[in-house]
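In the two complexes that follow, chain A is the common piece, with chain B as its partner first and chain C second.
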Partner chain A sequence: MSRYLCILGRFWKNSLLREMSFRGHFAVNVFGELLWVVLLLVFIDVIYSRTPDINGWTEAEYLFLTGTHLLVTGLFEAFFFENCWRISGLVRRGDLDFVLLKPANTQFLLSFQQISYSSLANAPVGIGVCLYALRGDTQGVSAGQWGWFCVLVAAGVVVLYSVLFMFALTSVWLIRQTGVDHLWFYAVSLARYPAEIYRRFVGGALYFSLVFVVPLLLVSNLPANVVVRTVEPWMVAYLLSATAVLLSLSGVVLRAALRSYRSASS
Partner chain B sequence: MSGIKVRHLVKVYRVHEKPHGLRASVRSLFRRTYKQVRAVDGISFDIEPGEMVGFLGPNGAGKTTTLKILSGLIYPTTGTAEVLGFVPWQRRNAYRRQFSLLMGQKNQLWWDLPASESFRLHQAIYGIEERQFARVCGELTALLKVTDLVNQPVRELSLGERMKMELIAALLHSPRVLFLDEPTIGLDVVAQSNIRRCLRDYNRDNQVTIVLTSHYMRDIEALCDRVLVINHGRLIHDGPLSDIVSRFATSKLLTLRFLDGVWPAGLESFGEVVTANPPMVTLRVPREAIARTTAQFLQEFDVADINVEEPPIEEVIGQMFAASPAPHNETRDA
Partner chain C sequence: MRKYRTVFMVALADRLVYRVDFFVSTFLMFIPIVTTVLLWRAIYSGAGGENIGGLNYSDMVSYYLLVMVVRAFGSMPRLASTVASDIRDGELRKYLLQPISYLGYQGTLRLAHKIIYFIMAAAPYALVFWICRRFLPAWPDGGTLCLCVVSLVLAGAIGFFINALIGLLGFWFLEIASFLHLFMTVQYFLSGHMFPLALLPASVRTVISYLPFAYETYYPTLVLLQRTEMASAVEVIGVQAVWVTVLAIVTRVAWSRGLRRYAAFGG
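Up next, the complex of A and B:
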């Protein structure tokens, strides 16, 4: 365990050193992320200046959902997005060889090698938006609710990681698989809104798929709901179970992928 | 003590045959044809601990595929292999701690960071104690004369310097088996010589088992007492490099210097004229005729000097590959 912490420390240190050697790139990325947040907040303000609620969601509730979404996606993008995105390139160039040669858990090495510090900036911004949404009314939220909020945020990050990791691993069979960023864009776009709005589409099939097949809608909605709305306990149990299943499945898919790995010609 | 033991190793790849032309490409979207390529075709060999063995073969012969199987990167189709008593493709950490694979055309160091940071990452991954890390790293950087370069970003190093850093990274955990795939490719002669010297010293001092593939015959000649020659996935020679010449060279080179600088007419009847620079001429003479031809020249002509030598090893190996028939190792399916 201490060896893995040591490896993790080295990965993060190397990522930091790399980002610091390209200060301009880092600054532009942080600026881009913050600009996106500002535009999102302006968009929400414009919408709610015309209507008091959307499908029962008040502006404060929706702002809290947005903050939660920024937190979940910020953590995912910081820790896992780049690692998932680069898998296709590693497979196509045969550089996955170097990961397989190392005497450590392959999934760990693949998942944690890079950290994007510029994306990590979204996490505190997300927390800030959540606190702003509550307008200082944090007394009304119990410690238990905050505890579940943290657990469900972590579960949401793991769900996103597992889905994108498995998707990225298909590059072992497909060789060229550059759709990770597209899938991420769709996942982020879908999960940003209250889950209820999807109930009306295609007879609820979209809602059912995005909750019970691939629970992308729950990754931001459920932690937000646990603080600003109400949550059925079985939904919490379901998300936690789905998280465990998806994480285990990602390990199974990795093992299957590595059995089929051909390694590119040198 | 176990070294490397390979028995009847076969690796078959299923390769999509991409047709020419737009119409054929569209058709292939719906109906694809594949061919089964036997990249490694039933090879067997043993390598003793501490041996340094050269792996020779033309491009696509199956050398790298064999090294990748022995490194556990890919699974064989059939056959068995053991390295240090481990089955490589089970990818046990205990095995992965004891070997290294260095690929001359690939880079595992962090491109934008100094090599020293990648070395530290290796230290963490392999769990190398600080004292051992400092000692080994110090020895290797001194041996390869790159002590003052380890804190320079890898992207700013020359190809030769980068390859030295890759070699250090591969040796940091003191592997017992070292697989080297074209470690000197693209390097200038000085850098090649440095890498060769380092490998020879490292093998001598540490008794590491080394399997080396290289297209530079100088690498093999300088480092390996034994070579495995593979072609079309099949092992066609296992033994000393010098045996290749005696086994496969069909001719010798006879160089003559004539006293008056004038060549006798009809030299072609003795053999193929390879070079002719007065007063020297070099003939390629069939091996079985070399003694008779030499005697004949000495008796019949005014020869000032005579020299008989083996043809260059590259030439012999080229003949050997050409003579080795391509087996029917491709099958097609839809």
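Up next, the complex of A and C:
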């Protein structure tokens, strides 16, 4: 365990050194992330200047959902996005060999090698948007609610990681699988909005799929609901179970992918 | 001209190699339009079905569908990052030694990619548009159709030059990914891709109309939506042509200045 913590520390230090080698690049990245948040807030303001609510979500609730979404996606992008994205390149060039030759768990090495500190900036911004949505009225939220919020945010990040990691591994079979960044963009597009808007579409099939097959709709909605709306306890239990299942499945898919992997070099 | 034809044919063959990849990407591309339309349905429902920004619900659905068509012309995936990495890794010298214009080569590649894209994506697009036919405007007459095509081609040219310019920043900066990310964020908003610019206050809209981004997506979409009179559609095309000319000149200047700094690093 301590060996892995040591490796993790080295990975994060290397990533920090890399990002600090391009300080201007880092600053522009952080500025870009902040600008995106501002544009999202403008969009929400534009929407709510025309309607009092969206499927029962008031502006404050929707703002809280947006903040939660920024927190979940910021954490995922910081810790896992680049790692998932680079898998197809490792497979295509045969560089996965170098990962396999190292005396450490392959999933660990593939998942934690890089951290994006500029994306990490979205996490405090997300928390800031959440607090702004509550307009300082945090007294109405119990410690238990905040506790569950943290647990469900973590579960959301793990769900996103498991789904994207498994999708990235399909590059072993499909080669030049360039869709990880696309899939991430679309997953973010889906998870950003109140889950209720999907309920009546194609007889609820999309809602059902995005809740009970690949629970992308829950990664931001459920933590936000715990604080600003109400949540059925079984939904919390379901998301936690689904998180455990997806995480285990990602290990199974990795082992299957490695059995099919043929180095591309020489 | 023959060498560009060869580049074009090679690029066509390359695009046809990864067909599964292509279909996965094309399928996924329709996800945001579904989520956006569902969001707007909820917004119109909350607003009691009233017009928003002069658009009713059908107009709004049509707007987002047609934005996809316009973006299919204007978006240039990986152009900027390819140009920048060719500069950074020293790959550019390979092209400088050949009797071919590098940007002409990149333009020919994109043209081939677009043509293959339009052919292969025609069926999914037709299916989605058929499903959503009740929202769409009537099929345009011959004159309007010609204006639409010209506007789309010019939107593609604006997209090409803007992305090439971002890529050429590679002459001055080692890493341009952050600029690209920033640019895409700004473009998503200012081009009207995020939501119709009509929803913004008039003063903000006026400022945005002095930038090229709206002429890459928003105004061509209005032309397709037939929300502009014939005269103002011609005006949109005129401004687009001016932007293409300006951007082509700026690209040419940036290329010449950049080449003077180029040191052809890499092995």
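Keep in mind that, in the parts below, the second predicted complex is superposed on the first by the 266 of 266 C-alpha atoms of A that agree within 3 Å, B and C clash if a C-alpha of one lies under 4 Å from a C-alpha of the other, contacts with A are read in each partner's own complex, and residues count from 1 in each chain.
Simple rule for what comes next: a contact is a pair of C-beta atoms (placed from the backbone, for glycine too) under 8 Å apart; a residue touches a chain by one contact, two chains touch by 3 or more.
Quantities reported herein were computed from a predicted structural model and do not represent experimental measurements.
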Exercise for the section: Could you classify chain B and chain C on chain A, in the superposed arrangement, as clash or fit? Expected result: fit
Handout entry: First, second, both or neither for A:Asn14, with chain B first and chain C second
Key = first
Problem - Superposition-derived comparison: chain B or chain C, residues of chain A touched - result: C
Handout entry: Contacts of A:Pro52 with chain B and chain C, given as first, second, both or neither
Key = second
Practice task
Have a look at where A:Phe43 lands relative to chain B and chain C in the superposition and call it first, second, both or neither.
Solution key: second
Practice task
Would you check which partner chain A:Arg255 touches, where first means chain B only, second means chain C only, and both and neither mean what they say?
Solution key: neither
Handout entry: First (chain B), second (chain C), both or neither touched by A:Asp97
Key = first
Handout entry: Vertex chain A; arms to chain B and chain C (CA centroids, nearest 10 degrees)
Key = 80
Handout entry: Touching partner for A:Arg3 - first (chain B), second (chain C), both, neither
Key = first
Exercise for the section: Considering only C-alpha atoms, give the closest distance between chain B and chain C in the superposition, rounded to the nearest Å. Expected result: 7
Fill in the blank from the handout: So the chain A residues that chain B and chain C both touch are 22
Handout entry: Partner chain C, residues of chain A touching it in the complex
Key = 22, 24-26, 28-29, 31-32, 35-36, 39, 42-43, 46-47, 50-55, 118, 174-179, 182-183, 185-186, 189-190, 192-194, 196-198, 201, 206
Exercise for the section: Would you tell me which residues of chain A are touching chain B in their complex? Expected result: 3, 6-7, 9-11, 13-14, 17-18, 21-22, 93-95, 97-98, 100-104, 106, 109, 259, 261-263, 265-266
Practice task
Show which residues of chain B lie in contact with chain A when the two form their complex.
Solution key: 13, 64, 68, 71-75, 91, 93-97, 100-101, 103-106, 108, 110, 112-113, 117-118, 120-121, 124-127, 153, 181-182
Handout entry: Touch list for chain C against partner chain A, complex
Key = 18, 20-21, 24-25, 28-29, 31-32, 34-36, 38-39, 41-47, 50, 52, 173-175, 177-179, 181-182, 185-186, 188-189, 194-195, 199-200
